[in-house]
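One structure, pasted below without further comment.
Chain IDs A, B, C, D, E and F follow the sequence of writing; residue 1 opens each chain.
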């Protein structure tokens, strides 16, 4: 089991969700986040003073999947989020030791989906 | 709000109440105390209409997304300034060119404003001084442009919109206004529009419709063949907006009596309030039945619908008619919102449904509910003004589209106009999901 | 706000200032200018009282949780509509049935509103026309129901509450109002309530108390034997609400003079303002001492407490008394909030403490601080009205509980009424922790 | 707003319009109807000025950080209470000590307020009763302290600030006010300040400047040699604030006519509005050019700048001059904001730029644009008042600094004053990044 | 050392906290999150148009524990969050390589508690 | 590759960012979070009733780095966030199995920076 963490552009969230659903990955958790990456940020001004906004708004997805789904999930996210422009985002994969569904008490690969 | 010196007696004679009572005034002679109280009421009306601009701003902000808030506030602040200043420069004298334009289509009394000493006495008008006249009218003028603002929100280019507003308020609004309130051809025809269901609200509404058609819908509103809701981000602001607009309407309609005449102003207060409340009930019932759940934004629109609806006839329809007019307006506005969405005409705040649809309804309702007025005259007024305003908007806004563009880029729209046009956020520090 | 034609002279003679000055008016004859200025002031008062409804809405929203915002705005918009319309249908004629009901308990002048030409002249009343009379009174009427709204917020079922409000405003409020302002038995008894500490605020307050007892507290408010704070989500809105209520009170009290009488209205402005400011100081000191930290929500309540407190006697108490009344109200309100919490009577916005407790205090204070009024009469009024309103609420709200239920389900409450009853959110896009 | 009984005729004779028209009034005798309408307008002005306090509160909240919201609302509510109560206690009688102080520097008519029966008639003043006089003046008084509040926001210690305000409103404001409006030496000199560009706005502004210098900037504002923006957290609130202030200004300036004189009040409405709109345009253009993007907060300040600028001469300058005064004020305010930042004088809401800089500008402008007034007298008034207020503030605020401290600790500042001073949050549940 | 990530219903947070404290687990971090799982979401309407809300509000807990506490923590969370209805939530367990307390500089199992 | 998760005081974020940038770590993701640790919280009162605020506002950083950067990153965060007072925060390290840059399709250590 793996935990996939992805950072994507906020306005791409709907596309990513769409392409995940098409890949039959329907479980996920989403948070908003501020990111600093190759996209360098920009400068706002407020009352004449500058504010450097180098933390840009991103959306963070967390998806737990069984091993055989990892490739598919990454592809689906990338498909939905890709534009080719800086700021498209990153995907990280972590090993998941255990998974537990509170409602039923199921554990392991069973509990993921 | 017909108000040239020549015409005011005629107007008072139009003010016929339920039982047929006519408020008598002592001809053109009023005591200095009466002149002062009349004028004071007109100034109160002016500040009430002024506060409508805050109402428009907060309503519009509330019903759109957080990422466009600064832009909307900016627009609506600038419009007041532009509206009043252009009105001082030329609008006032285009709208009220004086007796020379009686029965006509166009007149102009010259640039700027100013008066001699007589303008400060009841010789000018028993109800107000020259300056009161100007300030009350100027507060109205900016309203028309603000109506457009709501419909084009979240995608219009700031600079183009400001230029459009300036031209529209400086030229189109006063010319149309002159046709009726300035003693022009519509007035001669017997067309009746007490406080501006057509002359203000529809004039704004037609421009809004054409602008929306030229602009197109917001990105994501009609994707994949379905209508997607783009939710407003701040319902308390929307409610504040509607209550402030209602408050302002006491001056908008109450001041359109053009004096503090106790019977007339109080009657207008009652019809205005009853229509607003009936509009709320109408929209509430309709929304509860049609949408299954009671939709706050619809009820708020319903209140405004009732107010716009009664505006043309607030002084000449009966109490019962006022309630019916408001109720129908409230029902109409819900269907109109759904209808425009089906046509893929994207109006974030319901400006078309409220100001255009109910403006037309209110104007026609005078012909229906007041025996003293002809439906045909009302219809002629509605149609001619509709055609004129639409063509004018096509020329102005269409022209701007060609010259400098009227819409922000898709990237700017997606980022939000606050960041792209103003380089700042409305709610700094707040965590907001801007995925939409 | 006693206002039948028969009684107004009596009222004016009651208006006795500090030094014993009486404002004389020229009997029932006033000049047309004077009639116009009186009427204009009464209309200004009407729009000021109107804006109180926005004040109530924003205050209530501010002091409750974000997840119930749409619901509260909806309720408070609908109540204005329901209040005004039922008042037009029957409330006005129940409250002011005319001379036939003099000294009595009940009277009814028939359904609907309307007047002949005399209603538009000073023959009706030197202070206002028939229509002004109606609109000013109608704006008051909805207030009573709105007071209840705050106390039952965050758990009451929308439909049941709207039905309750309609009945309460249509029947209970006007019947009680008639006892005093309609020239009924309480008036004959010498009971005094200038602008409604009891007739408006307590009438709302008693209903609120009974409704809260029937409803029970919000989930999580008194869990595991301790009182848990459920924090309001928007303090700027709460402050806006209080300032708007204060603003409206200039019309609520100032308009209750029922004319523009310079001495009386200006004196009422001063007592009203001083009581409000003293209420702020009283609550600030009390909260700083008792709670250790200065609690904004308490200070806001303190301001309202002072206003409610002075309402019964704004025209008959001295400047010093006005300050004392306000100060005590401000102190009282803090302890009342803590007291109701200890009794596990859950009132999210402090409506009971402000309107009921300080309404009673203000009414009794007239008997204490004005030698012209008897404490006993005041007490009788407070008690009889309390009993009557409570019983009426038990019947109406208790009946609704049996017939259709009055409370949302625990799931709906936990999800928030905005999603469960309206299917929408107040702050779309904002990240809000809804764990409470 | 010069208003002692002795002086009002003089004042009216000063009111000279463009063409030189003078509004004649019937000497000291006015009809009872005229007295009533004058008084009614003055009461309307009083409630309009009252609502400015809500405007100040929301503007200030909007332009500061979310974590200090409760504190600001608390301060601004308490200031109204403190201002009105101390004004009743002594301010009013310090400011208007009566004829004994004519031409002088100081006078005091005793503690408390109260009048005999004559105070309720036109024998007191043709424009208002004694009570109206007090309430209108009292609403002004608190304004000066509120101006300071904005400049010291986000770091001042609550208790110290409240004490400072009380003393400043009780002593400094009325003494300076007496110099001109109370018939003192500045009045004798020919200094002119219609509604208080200097007497209200600069008096607040000087105190603000000195307090800011004593307090120092907010943590993080000028770190590592650069100016860092600390963004306001709620732009809709800021816009609401400005519109409400503008609304209130109709009473602030319109009421300073001290009667309902139709010509004078309506003229003042027009100049006030035009200056505000010109201020918006001036700030908009300047900000668009200098900052490259149109900055909403600057445009909002521009509006207020225009209003402050016109306040000294609203009744004596021409229409064109009003526009120019507003325009220059709007331009000035943008540069002033940038300038104070460069000097590391940290003023979160721009209070110095708006009230001090434009207050001075407006006062001097009377000497420039009105031939009837001398630039030298204006300059003397500006300078002497500036010196006096600054010294007074150094003594009071400096004294408080030594006795009890005037600034919260760095930890409290970083946590936010809401948590540290009030133990509560303004937006409970909302996710807010408080990294700044 | 393990890092436990749990998604629970927002209104269950207090119960979960309570049951964690009873199990003597007093360190945790909480974020709010939007989740998509077996609970299918619902439809809001706004001005007549539908909004599909398939991302429901959840609360995300992150708790770092020593190995011997893993079982206890999972049980405590499940106890507090369980209702048996869809939407109860999930618990994920990840291996934690290192832990560092900034204040003291402690590392490893020491630093967790 | 490692994923570093750090909880720090909100008002220390700027310092942390500064010290990360000085250490040439310029990629990161930031979320706000509520934390419960040794810092025991405090009590707010609202209308006379108490509210126990035992979840304090924290900022959560997530930084993916190549193995050789782990030490440097931890030191940089600790430098920026350290005050010696309770509440300074924690840093957790997790093994990252995979990393993927959406824009380019790069994977592995390449994609991290």
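We take it that a residue touches a chain if its C-beta (ideal position, glycine included) is under 8 Å from a C-beta of that chain, and two chains touch if they have at least 3 such contacts.
None of these values were measured; they are calculated from a predicted model.
**Student:** What chains, if any, are shared contacts of chain B and chain C?
**Tutor:** Correct list: D, E.
**Student:** Strictly by the touch rule at the top, which chains does chain C share as contacts with chain F?
**Tutor:** Common contact partners of chain C and chain F, which must touch each of the two, are D, E.
**Student:** Which of the two pairs, A-B or E-F, is linked by more C-beta contacts?
**Tutor:** Top pair by contacting C-beta pairs is E-F.
**Student:** At the chain A/chain F interface, shared numbers over all numbers used: above half (same) or below half (different)?
**Tutor:** different
**Student:** At what distance in angstrom does the C-alpha mean of chain E lie from that of chain A?
**Tutor:** Averaging C-alpha atoms per chain gives centres 18 Å apart.
**Student:** Between chain D and chain F, tell me the centre distance in angstrom, where each centre is the average of that chain's C-alpha atoms.
**Tutor:** Distance between chain centres: 46 Å.
**Student:** Report, in whole Å, the distance between the mean C-alpha point of chain C and the mean C-alpha point of chain D.
**Tutor:** Measuring from centre to centre gives 33 Å for this pair.
**Student:** What whole-number Å value describes the gap between the mean CA coordinates of chain B and chain E?
**Tutor:** 52
**Student:** Counting only residues that touch at least 2 other chains, which ones in chain F make the list?
**Tutor:** Correct list: 31-32, 34, 44-46, 51, 94-95.
**Student:** Indicate the residues of chain C shared as contacts by at least two other chains.
**Tutor:** 31, 33-34, 37, 40, 44, 231-232, 234, 240, 292-293, 295, 297, 423-425, 427, 430-434, 436
**Student:** For this structure, give each pair of chains that are touching.
**Tutor:** Chain-chain contacts present: A-B, A-D, A-E, A-F, B-C, B-D, B-E, C-D, C-E, C-F, D-F, E-F.
**Student:** Flag every residue of chain B that touches chain E in the complex, lowest number first.
**Tutor:** Residue positions touching the partner: 227-229, 231-232, 290-293, 295, 297-298, 334, 337-338, 341, 350, 433.
**Student:** Once bound in the complex, which stretches of chain B touch chain C?
**Tutor:** Where chain B meets chain C, its residues are 17-19, 21, 23, 26, 31, 33-34, 37-38, 40-41, 44, 48, 65-66, 231-236, 239-240, 242-244, 246-247, 250, 254, 260-263, 265-267, 269-270, 273-274, 276-278, 280-281, 284, 292-297, 299-300, 303, 319, 323, 427, 430-434, 436.
**Student:** Across the complex, what residues on chain E touch chain B?
**Tutor:** The touching residues are 34, 44-51.
**Student:** Within the complex, which stretch of chain D touches chain F?
**Tutor:** Where chain D meets chain F, its residues are 220, 414, 419, 423-425, 431-436.
**Student:** Write out the stretch or stretches of chain B touching chain D in their complex.
**Tutor:** 31-37, 39-40, 43-44, 46-47, 50-51, 53-54, 57-58, 61, 69-70, 73-74, 76-78, 80-82, 84-85, 88, 112-117, 120-121, 128-132, 134-135, 138, 158, 234, 237, 240, 421-431
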